[in-house]
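The letters A, B, C and D name the chains in turn, as written, and every chain counts its residues from 1.
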Amino acid sequence: MSGERERRELLINVIAGLLDGIRHVAVGASSPIPAAGAMLLRARNQRDGKPPVRVSILGSQEHNFFTNGAVEVFDCAAQGRVDAFFLGGGQIDGAGNINLVGTGPYPQTDVRWPGSFGSAYLYHLVPRVILFREEHSPRVFVPRVDFISAAATTPEVKRRGGPHALLTNMALFDFDRERGGFALRSVHPGFASSDIRAQTGFDYIEPAKVPTTPLPDPETLSLLRGRIMDELAETYPAFARSMLQAA
Amino acid sequence: MSGERERRELLINVIAGLLDGIRHVAVGASSPIPAAGAMLLRARNQRDGKPPVRVSILGSQEHNFFTNGAVEVFDCAAQGRVDAFFLGGGQIDGAGNINLVGTGPYPQTDVRWPGSFGSAYLYHLVPRVILFREEHSPRVFVPRVDFISAAATTPEVKRRGGPHALLTNMALFDFDRERGGFALRSVHPGFASSDIRAQTGFDYIEPAKVPTTPLPDPETLSLLRGRIMDELAETYPAFARSMLQAA
Amino acid sequence: MTEIVSLEALAADVRPSQSLAIPVTGVSMAATAALIEAGIRDIRLICVPISSMQADLLIGAGAVGAIETSAVSLGEAGGAPRFNAAVRAGSFALRDSTCPAILAGLLAAQKGVPFMPIAGIVGSDLLKVRPDWKVIDSPVGEPGKVVVVPAIAPDIALFHAPEADRAGNIRIGRLRELAAMAYAAKQTFVTVERIVDRNLMETEESAAAVLPSLYVDKVAVAPRGAWPLPLPGEYPGDDVEVARYAAMARSEEGFRAYLSGFLSQRKQVA
Amino acid sequence: MTEIVSLEALAADVRPSQSLAIPVTGVSMAATAALIEAGIRDIRLICVPISSMQADLLIGAGAVGAIETSAVSLGEAGGAPRFNAAVRAGSFALRDSTCPAILAGLLAAQKGVPFMPIAGIVGSDLLKVRPDWKVIDSPVGEPGKVVVVPAIAPDIALFHAPEADRAGNIRIGRLRELAAMAYAAKQTFVTVERIVDRNLMETEESAAAVLPSLYVDKVAVAPRGAWPLPLPGEYPGDDVEVARYAAMARSEEGFRAYLSGFLSQRKQVA
């Protein structure tokens, strides 16, 4: 990929595609790329006369549609009013389970991460959870997470939510909830499917010919570099500045 | 008793006495006499430098200390923050159970009353529930209610709430939670203990010599006819007018 | 997204056999009239947690197939005559409740759980007439019995509020039970005194009084839409009118006469 | 009734081994400094539902005996260095949770019930490390497993808000988790930017933004009391300061140096 700006623009464009068709997406407070993807979908839908998209940014005053405190996003998800959400993970395994707690034996983990946040709950309730983790390495993508903060599939209970896709700096995977595993959908420009295999610690399905992740088209780029950058600057000023510096 | 005003003043004075020592009393929307009793206690405590009393009048804007909607008074009682409350009943039985639903076989009751409101819950949770029913007749005070809206004693569960006293136009009873029954405390001026026995359909304990319910002292009367009447006029204008007309 | 529609269009989207949650304060009497005008039948009323003249009118007009409530009463004007008559006649399925149990059922729906535990209630005959309520052993802490009630997810929540903004945000003030109804309901229809141009979510203080448009499907303007019931911060209840209703509704004929006058009066306001 | 006291007096009434509920927005950094100054030890932190610099400072200062949280993180400034180090060292009892479970536990205490059911969670290892959480068969509706969590009733809820009035009513805006903490807690201590003469409960709209004094035990004035964290409607967070903390707190010595500077800075403001 040609540079940092282009790398980010590709991710934002992929995210907007993954969100296509949703009405309401919630985004974590420190997630500028997912937020930008959501804003891009909103702008596109508005341009094309498609149904409006609501983007809730947790912790933001400007993009906060909630008035019932910290519990509301969780209640809202339980009511089926949140269509998409993003989760990451210090570790993500081939079954789609994520670990936000740490590595090694619990509780005195060798490495400690912040904690599970709302993942154990939202993974069950939000239909389209997009796993977004930029670092693509065997350290992150492990055969089996050391601690399951949130489980991807639980046949013992009815659930509407779970992983929809996994997006990294190198590739895009789909998640098959029936099978409980990932399938490589496309590889970002500059990488080969063998790079993905080498950098992924879990097994996954791969098509005979792996497509390349499409780049944003010129119209999308002009939205991204104009309107979306302005919208981002309100909520993620540091990120917006760094996008411009990377340009 | 000499007249309607005096009758009401006696009841208000008794209620203030029953509430003595509490910090927070909640009063239903259409309960001017209980509200006046609570206001009297508040005024007395203020006069005597005793701890302040909070009077919440449900449905009133002026005396509404709640900001979390209809559920708050119930939550507040569950938290132990409501010390006293008033309940009535189309029927009240000797075990302290109350019926706010109707008489005869359920659901097509012969007489239908509004319904149980919050009684089934608050009776368990408010330490000092004062049963207040002006009509004193065998029709109201029955051996066994036709429908238990709220049960007075339930040894099978731990509870902090329950009946504290029963006040009518004719007498004042204490309730003994261990025994699960009433004891006559005093008879209002103008009635004999035999009148009470004749008008009460349930059995109760009676002291050898039944005291007369004390009349309000002159200081109390002056508070009642001054400050309390002004306070009542804000929330219960019709009642305050009728008190003045009865004077 | 919230649609701003006429009162008639709002009422037309309430269908027979749907469950309709209605509050005790912030009552849309305007929509009640429009529903009766439209000839609605067989609605399943959920009173949050009680109702007064609204339920009594709908019952008298023959619109109610089932009712879940903790009480129906005209308050200082006395019992609810059409409710009481209908109970005696067995005209509808009756689910007696207690106020916090209805609020707990809505809360369960708000949280996407099948039930909600609730304090108290043990010993009440409500447990006998509500086989859908259960008494369980607490699965945590000290051993003890706890009542659990099932989730209540109304098809439609219907209420009246002072203001909506253009985006469909509703100023409900501190009547947070109106928000609780909307969270739990599949759809929410709101009548308002007026629509304002400012953004009700603009400041932290103003936003605190708002039900967000996220939960609001349809808004219709209905000036004095709660009359003769009160609307906090806007107007007091018209107690004389409620007492007039109480007196007339004692008989079926009196009720019919009142209803016909009420419907024409509501039309004049609209 | 609410007492208006000094910041030191407020902090002095938090005792060792008490449980202290703290929010993620509306954080009383002023009271945090006062607690550390007073040499508090062995507090049991309940983060509602996560914490950032507040928990990390208290942990680094050796004040924390136990912590229940869904996360401790400095957000964009990275992981919480003193929390992470203390977890590895096993310095306190750790109860990992997930945000809605902490909120559900508080709600159970608010409602006086021993437990609260909660959606999701099944399959998470949190169920293994939280033996106080149970998976039960739903007692109502369709058969199915439901997680239940026990009530959380903190000894003290502590937060910072824009304003209190003379009666002790607190304007919290739409940060309703602050009210949820107060409902559940035995006592509530609040620091505020200022005390105002008007009655915050005066109108339906203003009252909607208020936690009533009924729930508030102590109020102390602490201008810029959330700094360097944000206070919605008042000031943004000081991200440079949080990043400075994040860098310094990587080592024990760096943390000590930061803490000493922080305590003197907070004293200058007060």
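The rule we apply is simple: a contact is a pair of C-beta atoms (placed from the backbone, for glycine too) under 8 Å apart; a residue touches a chain by one contact, two chains touch by 3 or more.
Source: prediction; values computed, not measured.
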Chain whose mean Cα position lies farthest from chain B: A
Comparison of B-C and B-D (more C-beta pairs in contact): B-C
Mean-CA-position distance for chain D and chain B (Å): 40
Cα-centroid distance, chain B relative to chain C, in whole angstrom: 29
Separation of mean Cα positions, chain B and chain A [Å, integer]: 59
Chain centre separation (chain C, chain D; CA means) in Å: 36
Residues of chain D engaged with two or more neighbouring chains: 111-113, 118-119, 144, 174, 176, 179, 204, 207-208, 232-233
Junction residues of chain A - those touching two or more other chains: 61, 66-68, 78, 125
Touching pairs among all chains present in the structure: A-C, A-D, B-C, B-D, C-D
Residue ranges of chain B in contact with chain D within the complex: 24, 51-52, 54, 61, 64-68, 75-81, 125
Chain B residues touching chain C - in the complex, by the definition given at the top: 29-30, 59, 61, 66-71, 74, 78, 97, 100-102, 106-110, 112-125, 147-151, 153-154, 156-159, 161, 238
Chain C residues touching chain D - in the complex, by the definition given at the top: 104, 108, 111-119, 132, 134, 136, 138-142, 144, 146, 148-151, 162, 171-174, 176, 203-209, 232-233
Chain C - residues contacting chain A, complex: 1, 109-113, 179, 183-184, 201, 204, 207-208, 210-215
Residues of chain D touching chain A in the complex: 23-25, 48-50, 69-73, 75-76, 79-80, 83-84, 87-90, 94, 96-101, 103, 107, 118-126, 129, 144-145, 174-180, 232-233, 239
